[in-house]
Amino acid sequence: MLEARELRKEFGELRATDDVSVRFGKTEGERVFIVGPNGAGKTTLVNLLTGLLEPDRGEVVVHREQNGSTVERDITEMAPEKRVKAGLVRSFQIVHVFEEMTVRENVRTAALSRHEKTLSMRSRDDGHGDVERDVDDLLADFRLEGIEGEIAETLPHGDRKLLDVAMSFALDPEYLLLDEPTSGVATQEKEYVIETIVEASEAESVTTVTIEHDMDLVKEYADRLVVLHDGQVFREGDPDLLETDPDLRRVLLGVDE
Amino acid sequence: MDRRTVMKAVGGTALAVALAGCSDLLQEEDDPIEDAEVPDEPIEAGLQTFLEGAPAVLGVQAQYGAETAVRRINDNGGIADRQVELEVVEEGEEALENYQQFVDDGMDVTFGPISSGNHEAMVPEINDQGVINVATDGTVTTLYEEDHPPEDNQYSFRFQNHDVMEALAAAIEAVELLGEDEIDTYAGINPGYAFGFDEQEIFAAGIEQLTGAELVYEGFPDLGTDDMSTHIEEVNSEEPDVLFSSCWGGDATLLLEQGHGAGMFDNVELLVGPVLYGSANDLSEDLTDGPIRAGSRNFYWDQPDTERWSPGDELVAEVQDEYGVLPTAHFMSGYGAVTAWATAAEKAVRLLGRWPDQEELAEVLTNHGFFTPAGYHTIGPDHQGYSNAHFGELAWSGEYDAAVIEDVNVYAAKNVSPPQGQTSLDWIESW
Amino acid sequence: MIESFVTHTLNGLYYGFILFMIASGLTIIFGVLGVLNLAHGELYALGAFVTFTIVGYLTGLVASPTGPVSALVFAVVVLLGSLAAAAVLLPVGAIVESVFVRPIYERAEVYQLLLTYALLLIFIDVMKFGWGATPVDPGVYSTLNQVPTTELVGFGYPSYNVIVMVVGLAVFLWLVWFFDRSKTGRIVRATAINRDMATAIGVSTDRTFTLVFAMGAFFAGFGGAMVSIGPGTAFLEMGLDPLVLSFVVIVIGGLGSLKGAFVGALLVGVISRWAIWQYPPVELAAPFAVMLAILLVKPEGLFGTWGEIE
Amino acid sequence: MSRFPLVEDRDGQTVVRIPLTRGLGLTPLQTVFAFLGLVGLFALPFLAGLVGLSWERLFRGILFGLAAVGLNLLLRHTELVSFGHAAFFGGGAYGVAVLAAHYNVSEGLLLLLGAVIVGTTLAVVIGYFVAGYVDIYFALLTLAFNQVLFATVFRSGFFNYNDGLQVRIGGDRPTLFFLEWTTLGYDLVLYYTTIVLMLVMLLAMWKLINSPFGRALDAIGQDRTRARFIGIPVEKYVWLSFTISGLYGAFAGGVYALLRLHVQPEPTLYVFVSGEILFMAILGGFTTLVGPLIGGIILVYLLEAARFWVEYYHALTGLVLLAIVFFMPKGIVGSLPDFNAWVAGRVREPGRLQEDVRSATAAVREGVDRATTTVRIIVFGVK
């Protein structure tokens, strides 16, 4: 379980997250969706959890089952690349892939990292069979096999999004934080993107935390809902809240009282 | 003075007479070495010097000097009938590489460089390659005194006086002018590179030995800087009796300009600068104000007085005519280096009856003596040239519309340099 | 001691203003075009050489000053000459931008370095061809010092330095006004912040870039003019060190920030003069040590704003 | 399998395998070039003179070029522009000079080892501070470190100021392999030792940039944030590559000192030397492994020898560089394929050459027009 404890981050006057406390992965493979209006602090929360930003106060804690008991580990000070090794992986709202590499090389680079082989001096094609097998599987899972030789920057946007997520999965995550995986994707393709992610995460029982604006998708796929508003947790619970809670609707529509 | 006397006085050959600037004293043609077996092709010589930028203030004078000497040689029928062809190239930071290129190009002799670091780099290479180089400048003292004593050095020579000679001359000059008891404090503003550090060290040793004066400030502005105001302000606040500065070229004019601007000359009794006169052609009248004694190394064009010394007079006329400048000490660096080699070569031909090889020529050049319009020069057993050092009051000449020095003091080489085999700092301590 | 402190600080400010005038052009060009112009120092040197010619000619037309008033007239003539010399750099900058730099905006940025380095080398020889290989000096420094300035308040300080500080401040204020208030300046800023947006509202980015480059060249040339009329000389390699020092200044200040360049230049000027005063051997290293110290503590510089003129 | 040894078919392409480089290969054309290059390198001291070139100068070019190969690891892969690589070149050179001048170390290979240690240590220290920076901040920080080092050496008596230090022990040049040599013998032994070591270093670099580590560096260069979030310790890897990069410079600087036997700050440590090393990489073709080496040879040759050919030798060098920027857009080696195609095209249809000239003229004219208009606007305002 991944926990944010009273995380606070200020940018000048603005308090982007105001002592946010929330837990993800209460059950194995839980699908949590973070929703909220623009400027609610969603991306900041993900950035704090993954180490892109340092909190002004508060902690990030991972709970792990060990010999039948739960062990807490404070990772607030941990460098992002170490959190990745600890199973905490993310994608970005604006696609971050290695633009000049092919699709396959992108995924392979991530897989090499997962296999602790980035310091290896052996040639690329030489003796990394386990890595290549992983890459093949992922390309298949994300239906990228047909375009594995294409240079990343030439791909259509939807494929770039999928590639970004595929790279995250190549890291064998325990928690995967996805910052708007469907942003910029044509409406008819959104379903496809989310569906692909869900399939992959269920296969590996990865806990996913997804920022999403499309409430239809949220309703369809969320196990649990976290609503942020003005840097605070406004509501937390079942996706049915979207239907039942009038305050929530008002907040999400951005109509202030 | 008849022909025989002149010839004898300057070393016996028509060429030597011509380079001493006395050819009009020769009344008849005579070639004592016409029987010598000498190759027909011209002598190829290379000169490297600073041809552009700030140090070109010095370097171009050396070029003029060398060219003038070569012109005079060729007008007088060459060296044992061989004409000299001089190739001039920018020294830059690649003096060693330039020398190698000269050797690859088959040069018979090379001249230059100006920079002492460049010269240091070259000396071992010169001895490896075995093609004589007569350095115009590159005057760091320790080079021939300690680093490359005669037993390790066969082919590398230097014409211009070394640094100790001018720095000590500066110290003695200050004492002569102000009196031993009047100098209690001194300061230095010297360019922040090897030459400036060396000059300051030697001057300090000299002036302290002579007067017991105390150092109150030493600053080393960057070479080619555009602002010395901090150092000048420190001199202003310390008010030393003597200020020593080995700044040259643009640094020298900058020091004088900013010094005047900040009233520095009201705060020092005397400024002595061993190479100040090198900037003669860049000084304006107002900069020559103040108690400034400017050095001119081994040559000042009006010493002896050109009114009475026709070789000097002719040289100045020729240089002004040809280049439109007054010759400075660096002119003589080039002129003298060529002359040293040329007269030695001719001497060798006369001795051998044929053209000498490099080894023989080097042999003759060692302990060689010769004249230029600046007087008599010798190359010592240490391959270092020894000539008089000159200092005088910086002043303005309406006639030449240029800076001059007046009331010139001439220091014989033996008074400002240690005996052979002794190092300068040891020698100064023994005063 | 106190008087020394004041003088050293004034010397630092004077030097800082010189640095600012050189660096302002570099920071404008970098801020808007994103081009690190290695030939900037040569534009500065070219300004110094052109000043030698123009100011030399103009001062030949006026008689040597005899009193404070005529000295002031002389100074005005010299400053006008400097402006004229800097104006020569406008077409030079415009041509450099539109003929040489423009074709390679789309290429990897390192080619801009190679290109501007090539221009640096070519400019050196252009000046060698034009003015000869040895240094030149318009020789107006001591006359400028006859303008009464600090003596009026009973303090001896070279008037030329005072003139440089006043002129430098004027340059700074004009630039602030230009980018904050003038229409052209706002267009330039808009282009710097968002090229596409600027194009969308009908701004010709091509023209803006040429204009900015020409402006940068103008101020480089004006910096050269200010040095040329001072105690120093104009010589061929004079552009090299100021180029490197300009880097220091604009990095300390924060890239592309005009105010940053201003503060950075004065800081480098004053701190380095203080440092030389207290510990002379540090002279050569001082500006770089200041830069390292500032960047290692505040990596984005004092007024860090990426790609924006502020 | 192929009929030829070392030649195999891989992914439908014929490749030639080079010993010691499992998993790597060259195309047949590259193999021919590599072979010619090797022959050229080994025959250089004997061939250069025949075509009127100085092989010692070419040797110096190779050394600076090798430093540029090191710099290119950063430039091409982590996409960091270093303006301070003279620190390592000069550091290596001064490592040799100090050991020889102050500690009387007389064996050339030991001196070289000292050079590598000194220069690489500098890279470790400087790399530690700059690894977290990118873009121009990285460039100018490396520049500042370089200048501080230069200033220290320039103004320190220990290093004999700018006059520099001799690499001679009691007046004698160092031994090589504990043997004393004649002038020519020394230069030749030094050359061949260097060439052999350099080939090993080139192979190692080739291996490195094609390894997962090289991939990780590419990743860092292309998207630092993403690289961090796939678990690559970015700063550490940049630091490591910076150190390796410095090592190449240190080695080259050490050999330079052994060749020149006198080390001064301006030709080894000055910030413009850093610039030159960078420009060598770019002009030779920084997207290739050996481009920087070629760039080094060409730039050093121009900078040293052009003054013997023409009076305006800066301009000559500048024009050559300009020509490369505009006509060989990927540097010399990088543009070879395109250049071949262009020549072939013009040979087939000479008429298109006129077209090229026309379009180039038009471009220049258009540029001048724009410049004129702009200046008019600046001076007279918008009508």
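We just call them A, B, C and D in the order they show up, numbering each chain from 1.
Heads up, the rule we're going with is that a residue touches a chain if its C-beta (ideal position, glycine included) is under 8 Å from a C-beta of that chain, and two chains touch if they have at least 3 such contacts.
Computed from a prediction, not measured in an experiment: that's the story for all the values here.
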Taking each chain's centre as the mean of its CA atoms, the one lying farthest from the centre of chain A is chain B
More C-beta contacts across A-D or across B-D? A-D
Can you give the whole-Å distance between the Cα centres of chain A and chain D? 42
Nearest whole angstrom, what separates the Cα centre of chain B from the Cα centre of chain D? 40
Could you give the separation in Å between the centres of chain C and chain D, each centre being the mean of its C-alpha atoms? 32
Chain A and chain C, separation of their C-alpha mean positions in angstrom: 49
Residue numbers of chain D (touch at least two other chains): 154-155, 313
So chain A residues touching two or more other chains come to none
Would you pick out the residues of chain C that each touch at least 2 other chains? 128, 281, 283-284
Mind listing each pair of touching chains for me? A-D, B-C, B-D, C-D
In the complex, go through chain D and note every residue touching chain C. 75, 81, 129, 132-133, 136-137, 139-141, 143-145, 147-148, 150-152, 154-155, 271-272, 275, 278-279, 282-283, 286, 312-315, 317-322, 324-326, 329, 363-364, 366-368, 370-375, 377-379
Going by the contact rule set out above, which residues of chain B touch chain D in the complex? 89-90, 92-94, 96-98, 100-101, 104-105, 116-117, 120-121, 124-125, 128-129, 140, 147-148, 152, 192-194, 197, 220
In the complex, the residues of chain A that touch chain D are 50, 52, 79-82, 84-85, 89-90, 92, 96-101, 105, 108-110, 112-114, 117-128, 167, 170-171
Given the complex, residues on chain B that touch chain C span 51-54, 56-57, 60, 192, 218-222, 224, 226-227, 229-231, 233-234, 236-237, 249-250, 253-254, 257-258, 260-263, 282, 284, 286-287
Listed in rising order, chain C residues that touch chain B in their complex are 3-4, 7-8, 11, 14-15, 18, 128, 133-135, 137, 139, 141-142, 145, 156-158, 160-161, 227, 230-233, 235-238, 241, 273, 276-277, 280-281, 283-284
